[in-house]
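The following pair of complexes shares a single chain, chain A, combined with chain B in the former and chain C in the latter.
What follows is the complex of A and B.
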């Protein structure tokens, strides 16, 4: 399984960067005219010189090949906005977003696992139904609204402090908590129907012991692989959360890059977010292999 | 138990469906619920029926408040303001908190928030519907094709997996930011382009199961072509997860539209949309009357879609 995942890395990287590359270069308007405003006071020669300096006058395929070659050495070129290397700007922004995503993942799993267990244990009871209804509401709350409500309630704004990161991560994790808790509930309910649980019950194990000692172990396994699916969603959400809380992370950079048509920046960001996502998927797979003894035996 | 009965038994499915129907009605009749012109009026000796729809030239420049002040007889819509009128009655009242005149207050250009909320339903539902129709169709086509043959699966299966690792909002922003126009269809298309792999993954799994079933083997034995096999024998079996995903997807698309409009990359101004109201709330220092009404509208829509999706899942489940 790990090998299969490793084989997936090159096509994913090429796929994401190629899609971004095509999108960026086939879109109407180009950075030369965007940078020169509406073209007033900029001569045709200086526009051409700008295009030549950034290689914008070469064919698409050649530009992609050249970009791919350079990006293998982590050289994503210079930002069109301030001329600083894309790598440096991303390196500055990455810690904020990584901290947000890590904290949000912690919140998500820390809350979703007990919540899912409680909902499965109380399946059919009134309070469990109310809990499921609240989960629906959490899923339906737009990230921007959740973030602004937190701000309204007095959450801090801007900077890189623990407070603003915690508030941002809390917002970011809401949707993930709902998805994971619902999944955990379903997985645990399925595990509780298994024969070995019946055996455990017959042997006199109480409900808490049945869940914690017998059923949960199996129901936890698929939760680990879900991390791979949650990471892209967390990165997506960071755009909104960073915007509302004034955090200068990858989401903020991406938003600014789109506004300014900063092509090298966009491509660099697409690559970095793909790498981060893939790293998460791989880590989840490795953890899965380490936890599940059956997989270990297969490999041996 | 019939499918309809199983749908009805799902908790909240009927309530969700009722809310969705109500929202569709609000969207359809937004022009009657909130308009700057009356439902009927008599002005300068002439009778007008539904001028809010026909918008007669003679009433250009007039609105409910001006007509009433001039002593004309009129029946005003429940919300007597248009979604884009900035000076109702010739008065500009910017960022007013809720009052008897403006139930949900006014926004930063003096427009009535309730009127914009009602008309925003149109954008939300239209974007949701367009996006879901497009990406369910695309997901079905790709998913079934992938299941048909080993070589197709090798390529399409990878394409699906790669597509699932895209951070959606990054891609959406890039599409929206780099293309010139942003009509409802275009926003829906952008969302569809980022969401189809999720449907394709579900459909592929279901279609692979169908491919292994006896009726497909029988069809193949009597010489059915691959196209016939896919469309007649596999597609109907693989369609139910797509249908469920579609119901949830409308809600998801509404959330994405909200996020895009919030960031300023949704349908262009001055069209009313819920996300744009949230964006105004942020720009104006978080006044609750700009923050809570759109939040409630969005949450209501998404919850309704989820409940209907859940009901559909139970109805279509093999028991």
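What follows is the complex of A and C.
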């Protein structure tokens, strides 16, 4: 199964980059005029010179083929905005984004799993219902507002210190915590109704042992699948969180590239995000096998 | 979602509001005179670091290829130097890299300063000046300053310290233009693409500050040049911190993480003036040489008729726009020259807000129904407020306004191809403003005459202005052009917003202006 997935990666990547390539070129607006701005020196010659220097005057198919060839050697070309290699710009911004995403995932799972378990264990009780309501309120809190509130409360700004990354990751993880906690609660409740749990109870296992030893292991399964879905969203970065905390990450890089019609930058970012996302999905698949023996047997 | 955000932010600001009521002192508010202002008390002293807010990260630190206000701020006359220095308020031109000059209608001869060295130790020579000006004139480069060098027929360097600019026609704006072209080191650029040369990322200049570091997305640092040819700067180091969101920057300023904030976020003035955390700070209120306007595409049916454009102006409640968008902190403008200069005809008054007269004018022009597309930049709050107000105002006379919000790249494309009916923009002016590229009919296809306005009187005046060396005579022509534009209304002129600059208590000698700051004048008090 894993091998089959691996074989699917190259065509998936080509598909993603081709779609991105077509999308950015079909969007209205032209990078040469966007770069030139409304300055007075903009002439037909200067626009043509810019287009020629970056190969924007060549046919689309030739440009995509050239891009694909170069990107195989991890050369994504130069940014149209500042002329620097796209690879260098991504490498600069990737550490912040990776750190934020991993930290946010850690927060999300670290809090959501016990929270979901507690809510399932206390199902129907008043405190559990209140807890659920509070979770919904948290879900309604936009990341921008949470970020500004943290900043007003004295959260640090800028750099790559633990403090600013923690604050940023906390904001990023709020929505994921709520989503995951609800899934965890639902999955555990379903597991607690299963026959084997009844058997375990009949065999004299206490409530804690039933949940931790028997039900939770099965209820964790869908959570791992969700990792594959949560991770890409976190890895594409967050414009707002990056902006409020002064983190130089992929979110802002992508946002600016769209505004400036920076084609090579957009393609580079799409490729890197696609690779990281596929890696995340693969990792989730592998973990799935490790947790669920039935899948392991199936694969062998 | 958006409403929740607003509510939470309100709660956050209420909390601060009570703090300020407990201790009533806010910043010292200074309304700057037209000559600008700065706190200059106490003797100037050397040393210290200044942390300055910049709202965007410059793309490239070379002003010939990047018309970026922030890169100019950081480079022009701090790291790099120009041939002349223009006082941003009086407009007076002082020698800089050009020590002396001779000017007549045939040539400008520049005698360059001796003993000047680039930050990398190489000597500064006439070859650098010739290289820079030739590059600026190259149509392939597309430099903003190329238009200013149009009267120059040839550039030559008879010796190491002399440059002669031969003129094809009188060039009244030439010395001012040379005050805004940073001279580039030829040795660092020869044979390289200006966009990709290392010196466009780590600029080499002759100025009072040397480029030190650039951490992408975070900050740019310059430090004092100990070998400067002139009086050395006082500041040891300047950190330009990139904070893209003004609300965030304001919070950082309040916390003491920034010393200078060029512009307070819109709508925070009343809150700032009573903010106890800003006690001892200075809030300098002054007006930039910019104006907001609506440009009408004169090629679109009835918009070609000046009566229709005047009627549209009279339908728009411009005073209300100023109130809504700038809380009244803006001054009305009637024409394309900086107010309080001899070019601006102060006797002209804005067309009144008069829907009845406007309806009569429209009827006279034979306009029964009008539907217009209003092209605006998405994400600009000021422009969104303008669009809402204009839609309401114009509807009163049966003019339907269809608002098209696009990002700036698309807006520029459509402006250049005249694919719009009306659009809103903002221009920043020079002290001696040449309006040729915005209003001459020859500039409809390649210049900034986005409205494709074509008026023979305007063309003749603009040509004459460019060819008149005598200041008084030229200013008289400027005023005539101002009156013509006022009558014809190719633009509806809105207003020039006030800027509120915040400075920490220990900052001295810093004068905010349309051109940014001159950091060489600044120091830090003990």
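Note that in this section the second predicted complex is superposed on the first by the 287 of 300 C-alpha atoms of A that agree within 3 Å, B and C clash if a C-alpha of one lies under 4 Å from a C-alpha of the other, contacts with A are read in each partner's own complex, and residues count from 1 in each chain.
Basically, a contact is a pair of C-beta atoms (placed from the backbone, for glycine too) under 8 Å apart; a residue touches a chain by one contact, two chains touch by 3 or more.
Because the structure is predicted, anything quoted here is derived from the model rather than measured.
Asks: For the three-chain model obtained by superposing on chain A, do chain B and chain C clash or fit?
Replies: After superposition on chain A, which the two structures share, chain B runs into chain C.
Asks: So, does A:23 touch the first partner chain B, the second partner chain C, both, or neither?
Replies: first
Asks: Using the touch definition from the top, say if A:12 reaches chain B (first), chain C (second), both or neither.
Replies: In the superposition, A:12 touches chain B alone.
Asks: Per the contact definition in the header, classify A:82: touching chain B only (first), chain C only (second), both, or neither.
Replies: Only chain C; A:82 stays clear of chain B.
Asks: Identify the partner contact of A:181: answer first if only chain B is touched, second if only chain C is, both if each is, neither if none is.
Replies: It touches nothing on chain B or chain C.
Asks: Identify the partner contact of A:141: answer first if only chain B is touched, second if only chain C is, both if each is, neither if none is.
Replies: It touches chain B and chain C both.
Asks: Of the two partner chains, chain B (first) and chain C (second), which one does A:152 touch, if any: first, second, both, or neither?
Replies: In the superposed model, A:152 contacts both chain B and chain C.
Asks: Could you say whether A:269 touches chain B, chain C, both of them, or neither, answering first, second, both or neither?
Replies: In the superposition, A:269 touches chain B alone.
Asks: Touch check for A:281: first (chain B), second (chain C), both, or neither?
Replies: In the superposition, A:281 contacts chain B only.
Asks: Looking at A:47, would you say it contacts chain B, chain C, both, or neither? Reply first, second, both or neither.
Replies: In the superposition, A:47 contacts chain C only.
Asks: Would you mind checking which of 4-12, 76-84 or 256-264 on chain C runs into chain B after superposing?
Replies: 4-12
Asks: Do any residues of chain A touch both chain B and chain C, and if so, which are they?
Replies: On chain A, the residues that contact chain B in one structure and chain C in the other are 28-29, 140-142, 144-145, 148-149, 151-152, 243-244, 258-259, 261.
Asks: Could you list, by residue number, the parts of chain B that touch chain A in their complex?
Replies: By the definition above, chain B touches chain A via 11-12, 158-159, 161-171, 173-180, 251, 255, 258-259, 262-263, 265, 275, 278-279, 281-282, 286, 288, 291, 294-295, 298-303, 306-307.
Asks: Okay, in this complex, where on chain A does chain B touch?
Replies: 8, 11-12, 15-16, 19-20, 23-24, 27-29, 129, 133, 136-137, 139-145, 148-149, 151-152, 229, 232-233, 235-237, 239-240, 243-244, 251, 254-255, 258-259, 261, 266, 269-270, 273-274, 277-278, 281
Asks: In their complex, what parts of chain A are in touch with chain C?
Replies: That would be residues 28-31, 33-34, 36-47, 49-50, 53, 78, 81-84, 89, 92-93, 140-142, 144-145, 148-149, 151-152, 154, 157-159, 243-244, 246, 248, 252, 258-261 of chain A.
Asks: In their complex, what parts of chain C are in touch with chain A?
Replies: 1, 4-5, 8-9, 12, 59-60, 67, 139-147, 193, 195-196, 200-201, 215-219, 241-245, 247-248, 251-252, 255, 257, 406-410, 412-413, 415-416, 425, 437, 446-448
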